[in-house]
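Next come two complexes, and both contain chain A; in the first it sits with chain B, in the second with chain C.
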Partner chain A sequence: MIPPIDLLLATALPLIAWRVLATDELPTSVVLFIAFGLLSALAWARLDAPDVALVEAAVGTGLTGALLMSSLRSMERPRPPSPWRARAIALVAAAIAVALASVVALLPRGALGLGPAVLARSEESGVAQPVTAVLMNFRGHDTHLEMLVLLAASIGVLSIQHGTASHGVDTAPTSSVVMMLVELIVPALVVLAGYLVWRGSRAPGGAFQAGAILAGGAVLLLLTRRMAPLSLERQMVRMFLFAGPVLFFLVAAVPLGFGGDMLEYPRGWGGSLILGLESALTLSIATILTMFFPQGAPAPRRRG
Partner chain B sequence: MTPRTVISAALLILGGAFFLAGTLGLLRFPDVYSRLHALTKADNLGLGFVAVGLSIEAASFALSVKVFIVWASVVLASGISSQLIAGAAFRAGVAPAGKAPPGEAP
Partner chain C sequence: MPPWLAYAASGVSLFAVGMSALVLHGEVMRKILAANVSASGVFLVLVALARRAPKGPPDPVPHALVLTGIVVSVSATALALALVRQLRHGAQLGPSDERRR
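Let's look at the complex of A and B:
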């Protein structure tokens, strides 16, 4: 006998999903999407996957819902929020808070999850740091897909930037003190990024942190005009952009030709392959994050 | 609980409070200039308190020095980047809240 709550979830989820896609009214669609996220968080909790439920409620529903609502607001003519709308937003926020709290309450007490299993086998991964072992070896496909999501996001950013390129950062000179400090700090950032990649095999660090730091340095160079805005016209930019994903594809596919599994590192090669992959990923992540910066947001509409 | 732990915990909480204030400013202040002000000033001070709190409990002197290098780098980096971002915003014609855009008659 299926519990009634599961029956309810199983019927409601596809129904709401269909309505999200079929509704003509965008605001209705967004509200339904949030409801869908909350119910699917509940479904994950029912499937004994409280961590997935937590992410679904926080990121899939809370964050994405907020982003969608903010996009909706920038599409319509500005007007003071009606009390009805304020109440609706408060209601949605409260529902998300309740969902998050109930998922946290559902988390099994004292559970270690997969931690011990990872620690026991991290020798085999080629790296001593358990987080790096999970990201680059045991769950390498997750990291690969994340990389592809970032790549897709950068393509989205490029398509928005197309019309707003003229709103780029202005050319006026910066004070010489700031210039000197930038010249001082950018080389240090490059060294730090390299250190983080190398360090990632034994301690917290790795491609995402190193890429973020490199991108920070690149933003300083953009703001001081030491570097031209990244454009896909330049071959170097394209190479950097695809270095990580392409190398990941190769490392994933080559073992298949030798009777291995996808993304299986040859015995003894794990450490070096992971370091190579992380280096390539660092370049790609830094390039993508830098592309997000200069003309990232659409120019504000001028009133007039 | 030794007095050292108590002092360290108090400093960490104080640092956290400054971060909270800085984030509140980022969310609530009206324009890019005051938001930058809230972020860099409050967070640098907050990180300073966190650094002092951590180095009191650090296992070795070398570790405390590392923590202070981190703090000094962040102060330097946020000083530079806030200058650059504010300058770029000003030249791009972003008006301070309640004022006319730069270069236009009020």
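Let's look at the complex of A and C:
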């Protein structure tokens, strides 16, 4: 009854996750983790969640993988846990898994959830794509707070990294093949990001997918030293960083002055407001995600 | 067994694998990987539950929640990795170097 691909994916995911966490070599773990992320993107696609699959592939796997790779130089010696402790923890975890699985199995089958409610009012939201309607209209305050979480995290990363900037990525002089590839890929990524924002109102896509893809391009440019490290001292960087959150705040607050509710879009304006907001959010998300990446040595410092 | 239930069971086991590794391993990098794996498990359960209706489009609200969740977990991972790098940087310098600065 279950298609074989679903059965294969559902069994493979926990097995790979176990290998990720049980392998002795950390680099192997990180590569397995990236494989795990790509397979879970496949699982999202099988569960009819193409929006989630896009974000998983771009953010959850692509950027997280690059971040993990850049922090690999481990100085810790792995200490093998004592077999008794490992057995006890495995037993407790298995008990929790069985309990949770039985709760999930007892949930009502065929529940429609909030799907019909969203579809019934999607005309009013200004966008035809239900996930975008939920993110940008019905639960816009969630997305706004999410932007603030991103902003807070990027400020945190920047302030922690302040002293270690020169210990970031060491990139060897890149070969001309890599450079040519980057020159071909990055413009394509920019076009793809624009397309995803534009299509986001009608098809899977939107600010988060587009921002992540732009950030991927920016990381490539950083690694090949085609782009100077992002620093808050540059006005452009500050503008990009705050464009999304500030515009979101204005869109949220202005209706309050005219007797409306917070984040209430004027009738008929929903579609264009959402497109404008998503464009600004894309720039901010791309900048923030790029700032998460160690910015690398600005220039080889000469001493003496 | 419908396909969504298989994925939900898979998500539950991912959560358990991640959680036990989080407790078991001492290495910080491995703890970060474990937290990410168990977060994936939670996301998988949510998206599987959104697919319970036998026909028609899935529930978009859990999809939006998971989208938000993935982005927030990347922010947490980035912050944690920045802390790890700083920790290593401090360990390389050693206490005597810190005093001299």
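Here is the rule we use: the second predicted complex is superposed on the first by the 186 of 304 C-alpha atoms of A that agree within 3 Å, B and C clash if a C-alpha of one lies under 4 Å from a C-alpha of the other, contacts with A are read in each partner's own complex, and residues count from 1 in each chain.
Everything below uses one rule, namely that contacts are C-beta pairs under 8 Å (C-beta built on N, C-alpha and C of every residue); 3 or more make two chains touch, one makes a residue touch a chain.
In this text the structure is predicted, and so the values were computed from the model without any measurement.
More residues of chain A are touched by C (comparison of chain B with chain C). Of the two partner chains, neither chain B nor chain C is touched by A:L8.
Once the two complexes are overlaid on the shared chain, A:M239 sits clear of chain B and of chain C alike.
Of the two partner chains, chain C is the only one touched by A:L63; chain B is not. With both structures placed on the common chain, the touch criterion links A:L250 to neither chain B nor chain C. Applying the stated contact rule after C-alpha superposition, one finds that A:L181 touches chain B and leaves chain C untouched.
When the two complexes are overlaid on their common chain A, residue A:A203 makes contact with neither chain B nor chain C. In the superposition on chain A, contact of A:A93 is made with chain C only, not with chain B.
Residues 167 of chain A lie at the contact with chain B in one complex and at the contact with chain C in the other.
Residue ranges of chain A in contact with chain C, taken from their complex: 1-3, 6-7, 9-11, 13-14, 17-18, 20-22, 26, 29-30, 33, 36-37, 40, 43-44, 46-49, 51-52, 55-56, 59-60, 63-64, 67-68, 70-76, 78-79, 81, 85-86, 89-90, 92-94, 96-97, 100-101, 104-105, 107-115, 118-119, 130-131, 133-135, 139, 142-143, 146, 149-150, 152-154, 156-157, 160-161, 163-164, 167, 208, 285, 289, 292, 294.
The part of chain C that touches chain A in the complex is made up of residues 1-10, 12-21, 23-30, 32-34, 36-37, 40-41, 43-45, 47-54, 56-68, 70-79, 81-86, 88-89, 91-92. Residues 73, 76-77, 79-81, 83-85, 87-88, 91-92 of chain B touch chain A in their complex. Of all residues in chain A, only 167, 169-170, 172, 174-175, 178, 181-182, 185, 188, 216, 219-220, 223-224 touch chain B in the complex they form.
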